[in-house]
């Protein structure tokens, strides 16, 4: 297990452009928050789907670190997203992740995405990460990185 | 049904920032192409997951227009993505969409995503769009718009 | 909204072969329970995947009735299942469903499936139902019915 | 790689109750067929959702054997199903599977399900199998077995 501070330090170093903060992280769970900027918006005064997906993916990644220790080479294999409500443009996003299983090969978790201060989720994600057997010799191998 | 030209005109107007082109479109299918720029990359010299998702979503949207005529208010309800291989940073992306069903309420399709010139897909997406009963009185309501 | 008793009466009448009971049902939620019989088992002394899927689907259907009133013509459009742990052959199954959104067209919910008395889920399902605009003139149209 | 005959022999031995036949199998693909019996039906004169899911799962399993050789301990981790049309009660089912990726850890494939003799699919499935690192010491570990 890694602490919230250790994970934040790793993420800032590996993904310097990322703008999220870790609200809470522990065994099999993480909550992260991210402001919404002009770049994240879409016509209709709402947040883009890829912004939501990227945040959910990051929440899963943080929860895996919090559970297994820093695991940089874990890679997303599957994500299933349901879009539930339009997120307003003027609220930050909060992602609450709960890991359903952390096996030797695969970690599976769900994420509820909220516009900050609202009760009903704007989207729901279930995702799977492949946990590498050993560290590859070089390079990051994630295709979905925090923004 | 709308032609490739009609759909291109609609998309350029509605989403002026988008950079994809329609390679082919017809009843229940569409192929689109998009260059990869620095903004789409991630550590590991690869394309980000959200870039792949956004392109797949656009391919579904184009295929719905090609089948039903321009349907601006169709909205993504579900997407399921499997990441299969690392897309190289220096190749354009091609999305081949096939609609599996176009009902009165829901359209369902699959999309294979390729790095241009390669045989094996980098990702595979299945997505659902809700087809609106009538046009809402104002505003676009898509959460995932073409980039 | 329909009560637990009303839903039980409807389900027993429409699907006389079904063996589940409603533990609890209310707005946007339902918990149901089902014994495991020899017919549900698979080599390895475990419960079959289709048995799990059928129970999750029923839990979603019950939760929709509890929220909207009896809605017999709601039909499953999408299910996404993650298999997490092997359910033992000698325990009943419990499905806890929570609806994430109930719109005019689509209801989306998640279901955690447990072997009774165990803390960790054996499977997790997210599913979508199409809510019919009006009742079709005849016949049930569900493809996945309770067993 | 295993031939169609080798896979049939393995499946009949491991799952004697199964009723499907392998129409065709080769590297990264398989087509299987299964009659529909009274037990598979649901109100509305149609085939149950779990019957469709079970057949898709079997098609994936057969395609993995055809690609990697007999791999009995491969287990389903994720399935995503879209129900597209009502399968009539009086036609056999045909499942056409194509594997999208066969890695060391995970195999991912898609399956189109048809009522025999009809052009449009009744359902579409994308599924993932975990490929075991080594054989477990005993017992089958699949949760979804052919019927």
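So that you can tell them apart, the chains are marked A, B, C and D in the order they are listed, and the count of residues begins at 1 in each.
Definition applied: contacts are C-beta pairs under 8 Å (C-beta built on N, C-alpha and C of every residue); 3 or more make two chains touch, one makes a residue touch a chain.
Please read these numbers as outputs of a predicted model, since none were measured by experiment.
Centroid distances built from C-alpha atoms place A farthest away from chain D.
Taking A-C and A-D together, the chain pair joined by more C-beta contacts is A-C.
Rounded to a whole number, the gap between the C-alpha centres of chain A and chain D is 33 angstrom.
For the pair chain A and chain B, the distance between mean C-alpha positions equals 23 Å. Between chain A and chain C the centroid-to-centroid distance comes to 29 Å (mean Cα coordinates, whole Å).
Counting only residues that touch two or more partner chains, chain A has 77-78, 80, 82, 108, 128. Across the complex, chain B is touched by residues 77-78, 80, 105-106, 108, 128, 130, 133 of chain C. By the touch criterion given at the top, residues 80, 82, 84-85, 100-101, 108, 110, 112, 120-121, 124, 126, 128 of chain A touch chain C in their complex.
Against chain C, in their complex, chain D makes its touches with residues 14-15, 42-54, 57, 75-83, 86-87, 139-145, 147.
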